[in-house]
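In what comes next, chain A is part of two complexes: it sits with chain B in the first one and with chain C in the second one.
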Partner chain A sequence: MADTDEAAAHLPASQDSAPQIETDLSDETQDFRFLNNLAFPSDSSQTSLPRRGEKDFEPNPTLYQADILDASRQAMHNALSHPRLHHPKHRVIAFYAPDGPAPPTNVTEEKDEKETTTNEDDEQNPKKATNADAGTGIGVPADSCVYVPNPKGQYFKSMGRADRWNRVWLLPEEALYLIERGSLDIRWPVSVTGPTAEEGEKDLGIPMSLQAAYACFTGRGGLSVERFSVYTGLRRLGYTVIRAPGWDDESDEVQDEESAPQQGLGIFGRFLHWLHSWNSSTGVTTTGPVVGLGIHRSYNDIYRKLAVIPYHDPVTPQFPRRKTTAPFRVVFHVYKPSTAFRKSAPPTPDFRIAVVNSRTQTTMPTLSQLGTLLESTPLDPPRGEKMDRMLYMRLRHGYRNVILAVVDQGVVSFLRVGDAAFGKEKIYAEKPPGPKKGGNRPRPKK
Partner chain B sequence: MTSQPPSTPNPAPEVAEAASSKIEPTQENVRPAPARRPRPQRPNYRHIHRFPLPLTVHPLPPLFPHNPLSVISVVLSYLTYLISPPHQELYSAYFDSNTSSVHITDEKTIRALWEMGFFGKGSLSRSEPSWLEREKKRRGQFGGKTSEDVTRERRTERRELKLERARMEKLAIEQRLQAEAAAKENGTASPDVDADSTSNGTASTTEKFSLRKAREAKMLESQQSGEQTQMADSGNASPGRKTVRFSPVVQEKQFISDSTVLQLPESLIDGHKADEESLLKNEEHLQLSNEEALFLAYGLGALQVYDSDQKNTIPTSSLLTLFRQHSYFPPRSPAANLDPDDPFLVSYVVYHHYRSLGWIVRSGVKFGVDYILYNRGPVFSHAEFALVVIPSYDLPYWSETEERRAHAEEKQARSWWWLHCVNRVQAQVRKSLVICYVEVPPPDDAQALGNDIGALLGRYKVRDVTIKRWVPNRSRD
Partner chain C sequence: MATDPALPIPISYISGSYYLFSIDAVTYLRREHHICGVLIGTLPQIPQQNVFLAMPLQLMPEEARLLVDKGVACIVDEIKAHKDGMTSIMEEDRKRYLRDLEAEGLQAMRLQNRRKEQLREEALKNIDAKKAAKASKKAAQKQAVADNAAGDDPALELFAGGEQAQDAGPQRPTPSETAMAVTPATSYPPMPSRPASDQILPSPEVPSSYPLFAHLHSKGYFLSPGLRFGCQYLAYPGDPLRFHSHFLVVSAEWDEEINLMDIIAGGRLGTGVKKGFLVGGAEQTGPGAEDSVRTFSVEWAGM
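Moving on, here comes the complex of A and B:
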């Protein structure tokens, strides 16, 4: 019936497969006339996004089409040639600190006085003291290399970490992302460039170019170009992206496993296993038939006897826990734009992402690589009202999940991997859908 | 009963029965048909495929603790089975070593294995063995509608709609051209205005014709055809409107495709009808995949496989060895050792696993995967899952020597390009991709196990993960 499936591809999505639609807007050729609709320069009241027009598939000799094409081209040129202005009020100046986080030079004397307040500060920020934080002594990640003395704007809600002098320290990817989108003006430190200012002026140093920023920040603190592509792509789409504990090669993601429900399932699993072994010890599996020669009472019994192949159960914890290996480890925690995010206490991430460079890791993960990666994520069983009803949805969701970002020379493709465990869903026990109720025709009672 | 004529007072119950049964069909006939084109009645698949496996089950009568009679009925049923055990059908097939496949030629067995569990494939059909039906139909004899016919009809219909759409688009373009020519002559009102007006985001005037729209338009056109012919007769008021037609090539093609279906039989019928009918013999056989054959023989005990000369049955353990040898090309000689990761064993483990969960497992070669999984069967719904089998060599044995490591590396390596390719194909046909890893055990124990198939299979382990493209654009909320 293969060809009937082919037909299904052209049908409008059925209810079940609706989330399956895999068209990417960015794949389409665009009709750029919608850009005319964008009100430049600064009308932020218009919040609805412009819609794109339909596309022509082949040229035809009408003037009309040529005009549309011209108009579209013109619109794109207009959009591109529009001067982008930075209001001095919104200008944020940052300083590059090549040696990593350090207390400010001019306040070293004050440090002793502030010693007492340090504890209070730490209590105010109940952040987890990760390994990365420990080295710096001023409460910011050791990989940070840019500080903003006077942070303002929305970006710092989900980026950077403040030290006790109210300077926000940015990680290399954060600084690079901000300078890339023109929201940050990074200055070279005076120690590198030498004094540049005239007498009596405040020395702000030389602005850093985008090229210099790329040169300085990529490769720093584990930031590869691949990781940055993923970071910046998701950021631009509105996601909040933070480093996961798996970023560094030494530390591994620690997950809190709830032990109580698993214990019960473990026992249940063991019981099933015992049933299994008891079943197979009867000897029918040696040469078959597995279902036995006697009278069969029901098909469910037959299916139960047929289950002789062991399968992996994602619910039972694996001991000993294996260590994930790069690149198959979670390096980013990603939050949807709608998720309430607090820098000081990040909630459970919506997505966990591992970044793979397809040029160095040319093959897809083996079972052990994928298995350890999945086991490093917390259990996320397919529960819920909708899931309980829909078998396919349960299977697609899986018990654990992780997203692989495969980067091939700057092109990122994301793959969601779910630990499906088909073995846990006995579809023979599912009731077949009842006879369809005839639309408006009353069924004969006979 | 109410519609009974009052002229027959007090009829006998049998008569009443007869009368009511007579009335019923007439009521059916009277009911107006809502669909314009009546759909052909589908066979009752729910009834045909009511048994999920080619085994008969004999459920015990329900036992009610408070009702002693039910206990008696249970005991009785036990007794009857004891005295005369129900006959379990044992089907036979034969192994053809030239093609490394299992064939079934017996008509009854073919039907049974297809209807109960969707095993095998007709050698001359797409999946269900339907060659005889199609052949009968082709020769003008009676034949039911096969799935191949349904597909052909649907394709014809879709092609017509696409042609219609192309015609409409062409029509629109010609109209536009004429309007532009007219505007040029007048030297006023350049169509730029039009183009600018569409810049409000939606280019509504260039709206394309979807298939649905084409269908609607076609219907509308057929309604208005009467009017239009009158208008065309009245003069060349609208010369551009009716000039666009199917190109002659397309029309010709359509004619050919219609004529092959309809006209060929008629020419045949006249001369040879009588002969053909008696000569028509089912040339088709059912071909089981080796996995299916082993599952039926070893798992269910419903099949016995004969060797090529159809004399001796092959015992199950030799059958497994035979299939494993034949999973290589050319088949390995019986003297050669078998590997624990030979393709047949790995794929049988997967086949057996999903069958034991109740899925209907069928070959997925048309979708570029190893298996596709149907819930209940292909006649009920499309397959939702597509399986790719990858052997996995995670046990320490496989990384002990350099040679084994290289072997494992070679067997399990799949490139990202391959994965994306498979994944995109599955998304196109609306299936979910499942990667099924099979953990391969070390080989030496396999020899020690001897002929214990159950123990051999129990050393493999299956783990399945679903793969789906994640589109950040669409996952934001």
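Moving on, here comes the complex of A and C:
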């Protein structure tokens, strides 16, 4: 919206708070020189993001312009060449487990891979028998591939899953996100690289580079780079993001539909429903006028009889349930930063997100794809005093909703799709709004 | 300043996408070949925002193809390279690599301590300058703040001193001599810097819009993915760091029937955002024809 209006960039006066909200700075390449203002947040009050910089219309051969461009590129280079450092005090070490979750091996490291695996098997068989957890055997998701022996810091509140040896196992996207932001020091397992330490020292292995992390983690366990872009983008903004049941191609999200429709209908809805069914049973429309013969005393009755076109009611459950197909299926559950989140018992998500790659899926989803996707989400009818009052907000909110994250080569756009129920809004049954401002009490004309 | 990387630059191919992990390659390709890509990584200095992103740089298949066709880059199967490379590092190389990393970490730690000291000295100077009791009290607070800031995020401190990195000599003794751990951006070293020939992949597959992409690029435009404006590419007259885009680019086949509605929609959208709507495609003139791409720009005429 506002980002489309480039004139705004040349009008400093219009850069007040209001347009700032609509302008998404991340929508455009920003001049990295503004990062210098950001890089010294010694004054904590000055942590706001920079405003849009002034850009030039087109290149000209002036030295002045070339100098600015050079400065911008230099700032970008400096910012991006900054290494990811771990202060000894805050350092969190993790280990890559290429073969997925496994119980800890002996402290003394094996010399080569073959030995390691055979050793592990010998040791673990009794343990596995005692362990009741299905899948991985140690109670963590099978896609996990990085473990943190000594988890500390805030990140593990919403990430990872601990096994019974108190190690936290991270999913590929979690590990990649943390290594990328410089919060995790991931090490190659010694079984892959060979020993690195002198005799008697604790062998930590070789640190994993960002490049190696991408090579090892993207493409692993269903993590496409599109999904990762969505995950990391939302994490950066402070949202808590976890995998939804629809992540894997086989399983589908199962929603508890028992209680939801009852709440959704409400007394008013049920009354309408009853009225409607009562009415349709008496109306005779095959012959004669649509509204029927006889004396009509109420406009509402006439309107009701005129409603001959059936409409989609999102409240009525569809049976049998259709299966969603990739990419139109919910793969992420997202929680606002304000939502209290416990990773052992995640609450109802604030948003459900399906990730679409615009290069492979070039068309709009079909009605059946979209319908199935919406059906896989729980009923979320418009509720609250404001919604009851405002028709437009009700329509916009819809009865079910889902967010499509469309990714084009690293650029992400979010679209919200709501199942709006126009048929359920009886305009004729609404009280006519007040003469001008639509106050709560309709007043007679002044 | 950046050092120019050795050619051809290896482009990492990882499960369907193309990446660059070396900042020198990114800077070089941007400056010399007008290839910008899209930064998709988190900036470790300021991780909780989406405005300034960092390495890696994701390249469109078109960009990767263009660079390969120019002979500037080659495509490396990074998964295979890592699988082969990490298991075959010699023990001496491993140890040398770890020593190098430790040296780097030590350097970073010294730099950080030096900056801390500088901040402290500045704070002390402030105290000296303001003799009044009230003023000196304030300065002490400031010092405390500065110390906190320095301790909280070592990354920022180093970033601030990025340009002084060279003259941070090892001769300065510092209170704590423990090295910071470093997560390097690339895996070369410890892996050999030139990929083996069996790790090189063929030229990337590109969509049918590639001729138009290459044409506009050859005319000096900087191109980026066009999703935000509902087109295929955005064409910038100069580096997007400093210029707004001029065209919304959509490619079409030469004899393709274009829906009039699409022209209207594109034209209106383009004019609404002060850009031109550009349709183009390659004429089927047979092989050998040099540049057979034609482009048309649609604007909303204010009659």
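The rule is simple: the second predicted complex is superposed on the first by the 280 of 446 C-alpha atoms of A that agree within 3 Å, B and C clash if a C-alpha of one lies under 4 Å from a C-alpha of the other, contacts with A are read in each partner's own complex, and residues count from 1 in each chain.
Here is the rule we go by: a contact is a pair of C-beta atoms (placed from the backbone, for glycine too) under 8 Å apart; a residue touches a chain by one contact, two chains touch by 3 or more.
Source: prediction; values computed, not measured.
Peer 1: With the two structures laid over each other on chain A, which partner does A:Thr62 touch: chain B (first), chain C (second), both, or neither?
Peer 2: First partner only, chain B.
Peer 1: First (chain B), second (chain C), both or neither: which does A:Pro310 touch?
Peer 2: first
Peer 1: When the two structures are overlaid on chain A, which partner does A:Ser358 contact: first (chain B), second (chain C), both, or neither?
Peer 2: both
Peer 1: Quick check for you: in the superposed arrangement, does A:Pro83 touch first (chain B), second (chain C), both or neither?
Peer 2: It touches chain C, and chain B stays clear.
Peer 1: If you stack the two complexes on chain A, which partner ends up touching A:Gly238: first (chain B), second (chain C), both, or neither?
Peer 2: Both partners.
Peer 1: So, A:Thr193: does it touch chain B (first), chain C (second), both, or neither?
Peer 2: In the superposed model, A:Thr193 contacts chain C only, not chain B.
Peer 1: Should A:Val406 be classified as contacting the first partner (chain B), the second (chain C), both, or neither?
Peer 2: After superposing on A, A:Val406 lies in contact with both chain B and chain C.
Peer 1: Name the contact category of A:Val290: first (chain B only), second (chain C only), both, or neither.
Peer 2: The answer is first: A:Val290 touches chain B but not chain C.
Peer 1: Is A:Ala429 in contact with chain B, with chain C, with both, or with neither (first, second, both, neither)?
Peer 2: A:Ala429: touches chain B, not chain C.
Peer 1: For chain A, which residues belong to both interfaces, chain B and chain C?
Peer 2: 3-7, 9, 25-26, 31, 50, 56, 65, 68, 233, 237-238, 358, 406, 408, 413
Peer 1: Quick check: in the complex, which residue numbers of chain A touch chain B?
Peer 2: These residues of chain A touch chain B: 1-10, 13, 16-17, 20, 22, 24-26, 31, 33-34, 36-37, 50-54, 56, 60-65, 67-68, 70-71, 75, 233-234, 237-239, 280, 284-293, 295-299, 302-303, 306-312, 336-338, 351, 356, 358, 362-364, 366-368, 370-371, 374, 391-392, 395-396, 398, 403, 406, 408, 413-423, 425-430, 432, 435, 441, 444.
Peer 1: If we count contacts the way the header does, which residues on chain C are in touch with chain A in the complex?
Peer 2: 1-2, 12, 14-17, 19, 21, 23, 26-27, 30-31, 36-56, 58-60, 78-79, 81-82, 86-87, 89, 91, 94-95, 97-98, 101, 104-105, 108, 145-146, 149, 154-156, 158-160, 162-163, 178-188, 190, 207, 224-229, 237-244, 246, 272-274
Peer 1: Show which residues of chain A lie in contact with chain C when the two form their complex.
Peer 2: Per the stated touch rule, the residues are 3-7, 9, 25-32, 35, 38-42, 49-50, 55-59, 65, 68-69, 72-74, 76-88, 91, 93, 177, 179-186, 188, 192-196, 206-212, 214-216, 218-219, 224-225, 229, 232-233, 236-238, 358-359, 406-411, 413.
Peer 1: What part of chain B is in contact with chain A in the complex they form?
Peer 2: 24, 31, 46, 51-53, 55-60, 81, 85-86, 88, 126-128, 147, 151, 154, 158, 173, 176-177, 180, 191-192, 194-196, 198-203, 206-208, 297-302, 315-317, 349, 352-359, 366-367, 375-376, 378-379, 382-385, 390, 392-394, 412-416, 418-420, 423-424, 427-432, 434, 437, 439, 451-455, 457-458, 460-473, 475-477
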